[in-house]
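You will see two complexes here that share chain A, one where it goes with chain B and one where it goes with chain C.
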Partner chain A sequence: MTGHVTKPGRALRRLLAPLAAHAILIAATAVMLLPLAWMVSTSLKQSGIGLSRGIEWLPWRDAWTNGKETVDVMVLGARVAPGDGGEAVEVGIKSLASRRRFTTVYVPEGAFEAEIEAWRIRPLTGEDETAEARWAPFASVRRRVAPEWGNYREALEKMRFWVCLANTLAITFLGTAGTILSCSLVAYGFARFRFPGNNVLFLVLLSSMMLPSVVTMIPVYLLFRELHWIDTLLPLFAPAWFSVNAFAVFLFRQYYMTLPFDLDDAAQIDGCSALGTYWRVLLPLSRPVMATVGIFCFTHYWLDFMGPLIYLNTSEKFTLALGLYTFKGAYTTQWHYLMAATLAVSLPCIVLFFAGQRFFVRGVVMSGLKA
Partner chain B sequence: MIRRLEKIRRTVSAMGPVLFYGLLAAGFVLAGYQVWRTARAEAPGRAITLDFLWPTYTPQKVRYGEYLAQRYMEEHPDVYVNLILTPDPYRKLQVMIAGRTTPDVVWMGVGWQQFADAFLTLDERVAADPEVRAENYFPRLWESVQWRGNLLALPSSGQVGVIYYNKDLFDEAGLEYPADDWTWDDMQRMARALTRDFDGDGAVDQYGLQLGQVYLVPFLLYDGQIADPEWRSARVDTPVSRALLDRYQALIYEDKVMPTPTTSQELGMLPMFEAGRVAMHAASGYAIESFRKVQFDWDVVRFPAFEFEGQRYQATGLWEEEFSILWDTDAPDAAWDFARWCAGHEMVRWAALNGHIVPGRVEVALSDEYLHSGRRPAHMRSFTDSLAFAVPIYPHPWLKRIGIEFEPVLERYHVGTEGRRSTAAEALAELQPILQKILDEYNSEHNETR
Partner chain C sequence: MSKKRVREAASGYLFIAPWVAGFTLFTLGPMAASAILSFCRYDPSAVHGTLEWVGLANYARMFTGDPLFWKSLSVTLRYSLISIPLQLSGGLALALLLNRHVRGIALYRTAFYLPMVLGGVAISLLWLWLFSPSQGLINIGLAKIFDFLGQDSACAHLLAWPLQAVFGKADADSLLPGWISSERGALNSLILMSCWTLGGSMIVNLAGLQAIPKTYYEAAEIDGAGRWTRFWRITIPLLSPTIFFNLVMGVIGSFQVFTQGLIMTAGGPNNSTCFYVLNTYRNAFEFFRMGYASALAWFLFVIILSLTLLVVRSSSLWVFYEAQRR
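Now for the complex of A and B:
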């Protein structure tokens, strides 16, 4: 009888526990997404405004309106002018052509609602009253959200996005495919065959992960120079076809270890060769770990900076990671372009992660890897 | 209906593998084509190929490099200039040297000294070439491309630090614009008058002055280079440097006329000036192009003199831009011709008039067309005048190490760590032995003694 009675406290806990968990998760997600939000926000701002006003989440711009049309303006100054119903505040404005993006004055947030004295706007002089400038009622000028969508077009043009994209896609596709095929085959050997030195060899392979890449940079460069591969895309993906990714071999091996040997025996009884077993039985069962390795490889090749920096010389062969550096100079950084281009470059990675999330998590769990 | 849907589902399921393998095959074909297309060797069909290393710091910089290569090939049909673009010329050249695939000509900018051993000495070629004369270049710039008496590059430009000032804010404050002979006292006075808290909330809304950490090093140079001319004895810790750094720190933390380093970093130094939140701002000629877009009126003035114990001291940072030839080039004559052409009158003039560089050639820098182009800044002469007292930043082959080891000390002085900032005296007392140790080790490695 008592088993059917739910105590009020327990019911409340059941209700609140998931709510609290969700609240915490949502808050944590929001924190994690803040940099992404800032990236989007900065990519839509005017040149030079990105960081100048501190953290502003929306791309503000001053605009004048007469009820029928709205024009982006620069606020030049203010004055108190006599009007029909007494004194009225007027602001000096100047139309902003699309390329003229800077305001003369720094208007603190919310200044349009504040008293005119609180504005840091200089009084207009006679020189300002040119054909381009005019006086307008205070109420006709408002701050409005005006995203600079053109930043994306300009950023992509400047970094030669489509050229870089074609090269990056080629490297990523061939590198990822090579890694999956070669590493899964090597891992098959380590996981399914017993031979003297198996574990030692596997440890040697794993120990190659401990070597920092800068240590091997020059010898590998010399090797590719002898092959006349410098300034081609080959050094960036060809090694992937020779199972150089120890981490991928490890993932595949761990996954194969979870599959029963009975499968191999059954395949052999049916006349399958060792390679046939790998190709027809184990590989089709390895989709989760293939997805995991695929996502790791995709992000690696997509974002690789050092390899293209060293091996590529001509801009026709540049990758997206190198192209992004166009906006990061030695002395200045064009943040609005950099953020717009970065978003365009990161988008495929984000999409891929969400698309393959199911496989990714499953592969990580089944290969015994703790994320 | 359900049957029809089920039929469609089955058809799609049946086609799944076909689609998958089809896409996979298409991917291989397209990726393979892209690799093949980009791997095709360029066939210049010219007798000489020059590999030319050039940085991609900005799109404008890329256009400058492309123009140089294209124009030279038009004028020299027998030469193919293979432009090697890179966002990081230092690391790229390191690897290329180690891999023995060195380019023929390089543009390194400041920091070229770390490759001094890899560059061809140009003294003999200059002596034999009547068209290349040291007198054509500003003396400080010509000296800056030498290491221990050997000329290792041809200079094209000298970026110097100057003070940019917002004339509108000076007008508002009723201040006279800074003059060429102004001093640190004048700068401090003006900065105080220009620092404003408009809404009275206790936070500064407009700063009078902004000098970045990058300008701390030029301030160490007011009493001359940080080592003797032969780079054997460090001389960082001098009374002038102490007094100047004391003054600098007071501007931030006592007068509060400069934003703290943290504020500058958060808000961005250039954007703060562009947004009218800073009245005076230290920067090199690289800022011109960006500032030409702002609506308020601005101009430039040279760095102020520092008066100390009855004497005047003056300096600014010099960031040289130059063309060097690698010692193992296969075509030294062609490389020399290309380098001297890049640093010659015509190209320096073109680059200066198109806003790419502050010209290092005297006749271009002092020409009417450059000084009075009608574009801002009106007082362009401040840049060329500053070349008279500009001092190169760490012009030593181990400059990277000097920079790395100086950095934390300057950080402790400038920003502070764990709630405490070093004084100028403490910082300089720390820097002196650090530099001496580096110089001793370098000289010892190169079999030289103090």
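Now for the complex of A and C:
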């Protein structure tokens, strides 16, 4: 694209092409991010009313005031009613705090239609009036943005977030550490030693990556039941210490293959044993692989759902994913709580993703395994 | 063999011992056990949790006596048949879109990948809310559009008809789709939702695209090849190993779909999203039919294995490895 710009059409194209690209990209990105934005928005809304008011991205809140006191209200709709000095715009309101009744005051004022339009509330007719709903002058109701941060506190409390977090952290940490240690050790064996069956065993290991976990699920469950490990965290991280993550072994082995044998020889001359060579020389050198495998394992154990679902029964042992699932069962329609809890559960992974994006992408590219 | 070689081999075996133990304990042994279990009746919840040999009874029941088996198989096949091509083409299209040098491209890539890190449970809950027929973002937005067009206008009906044909009806006289609450739309809605996580295959495709040498395109341009020709003659052949990889992973992944079916629809309405693995899980851990569930699991393994082998065997026809040409 470094040719001489001779024709004006070409210059225009060079100017417009990036603009068009940005337009398409921004539109596509918006579609991808809209659900996430809606999740954040929902999580900060008032219960009930906040959720049923249509598409409102900000957590609006309505309050009625008579000059002396202010009460949280729900705006049901609006009407134009004849008052003492002409026409008045009124809104139908319902108290959220209690079932207190509001006295209706007619204040003559004219040009509220535009404002009502901005509030996006439907016109109300007399038929909609209920026992709790009262008419109030439009000016006596004020609207403000008031995020319900309390949603988070309550949702986390209700789903026993901190208990779940402690369990998830334990499983994630032990699972990730086990995977890194055992897989790098096994990879060292495959990469640095000649023994009969090395290649065949490595092929077996690679092909085990393709195995659907459903096939082994039931006998492994029965095995852990024999060990009386059901409803403990052990079945969720113990296998990691036996190098069951074939992909991690593969990554470590490929990396060790690129390191020269001179390193091993030098270490051995300095008096290192085979294990010492692994621990002091090769493992410290494999930091990039450790980061890739580490981040990969972190998300795997953090997000794992089927494992905890099968092995954990009491809520003291639940992980975040399982806690979120049972929370959904108990608060099916409380979307502000559900979205707050969902965001809180996902946040550590999102933060980790932004912090270690490089390793994340590398892991996905090398495996294609989707988190 | 010299003494040194023997020592080296011994150390090698010692280092891979954790894997040998793990593989035997958690893969090989369980696979054999699951094969044996599939010929038995076993209910671990019963007081006398006995293991009873029943021969081929589990398999006979699967193929002749269990309509839910056929239902779950067809649901999973339908899901795979639609979602895999969507994932492949969508992931490729996204990668092509993002494989350019414009300012802030890294930000765009991040945005597309972000949904991937939420995980199955969070994604399911979020989309359950979005799909809500009366309060969900999608239907509120659609309702606004229909209001704007006029509820009885031909335009509104023209828009509603294809949507309802694919995603069902919210209620009898509504223009809105029913999404996961309707039998017709539930599975298609889950397929639509799977497009939200295209970021994974996008990243893999992007890496494949960036590995294609620029000189090929330059040479083709000099030879007068247009955009279209360059795409089909250079991009697609050189990207075919990546597409192959995504296809294999797509087959393995889509046949094991579980979380969405359990959390969002609980297999319903009327078993329209009763995925194969969900059915297997229920047989094993809700009805405690471990023997029958093992038979189901083994059958799935055979399906996945044969499909994977089919893809691998066919790959010589359509996957192009540059190294082979030399």
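By our rule, the second predicted complex is superposed on the first by the 234 of 371 C-alpha atoms of A that agree within 3 Å, B and C clash if a C-alpha of one lies under 4 Å from a C-alpha of the other, contacts with A are read in each partner's own complex, and residues count from 1 in each chain.
The rule we apply is simple: a residue touches a chain if its C-beta (ideal position, glycine included) is under 8 Å from a C-beta of that chain, and two chains touch if they have at least 3 such contacts.
For clarity, every value in this text was computed on a predicted model and none was experimentally measured.
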Which superposed partner A:252 touches (first chain B, second chain C, both, neither): neither
Chain B versus chain C as contact partner of A:161, first or second or both or neither: neither
Greater residue coverage of chain A in the superposed arrangement, chain B or chain C: C
Touching partner for A:195 - first (chain B), second (chain C), both, neither: second
Which of chain B and chain C A:338 touches, first, second, both or neither: second
Partner chain in contact with A:35 - chain B first, chain C second, else both or neither: second
First (chain B), second (chain C), both or neither touched by A:152: neither
Contacts of A:325 with chain B and chain C, given as first, second, both or neither: both
Partner chain in contact with A:233 - chain B first, chain C second, else both or neither: first
First, second, both or neither for A:301, with chain B first and chain C second: neither
Shared contact residues on chain A - chain B and chain C: 51-52, 54, 217-218, 221-222, 225, 310, 325, 328, 335
Chain A residues touching chain B - in the complex, by the definition given at the top: 47-54, 74, 94, 99-106, 108, 118, 120, 122, 158, 166-167, 169-171, 173-174, 177, 217-218, 221-222, 225, 230, 232-234, 237, 309-310, 313-318, 322, 325-326, 328-332, 334-335
Chain A-facing residues of chain C, complex: 5, 8-16, 18-23, 25-27, 29-31, 33-34, 37, 44, 94, 97-98, 100, 102-103, 108, 110-122, 125-130, 132, 135, 137, 140-141, 144, 196-197, 200-201, 203-204, 207, 245-246, 248-249, 252-253, 255-256, 258-259, 263, 277, 280-281, 284-285, 290, 293-294, 297-298, 300-301, 304-305, 308
Chain A residues within the chain C interface of the complex: 18, 21-22, 24-25, 28-29, 32-36, 38-39, 42, 51-52, 54-55, 182, 185-186, 188-190, 192-196, 198, 201, 204-205, 208, 210-223, 225, 239, 241-244, 249, 274, 278, 299, 302-303, 305-306, 310, 321, 324-325, 328, 335, 338-339, 342, 345-346, 349-350, 352-354, 357, 360-361, 364-365, 368-371
Residue ranges of chain B touching chain A (in the complex, touch as defined): 24, 27-28, 30-32, 34-35, 38-39, 51, 55-59, 61-62, 82-88, 91-92, 95, 98-101, 109, 168, 172, 196, 198-199, 205-206, 266-268, 270-272, 274-277, 284, 286-287, 290, 293-296
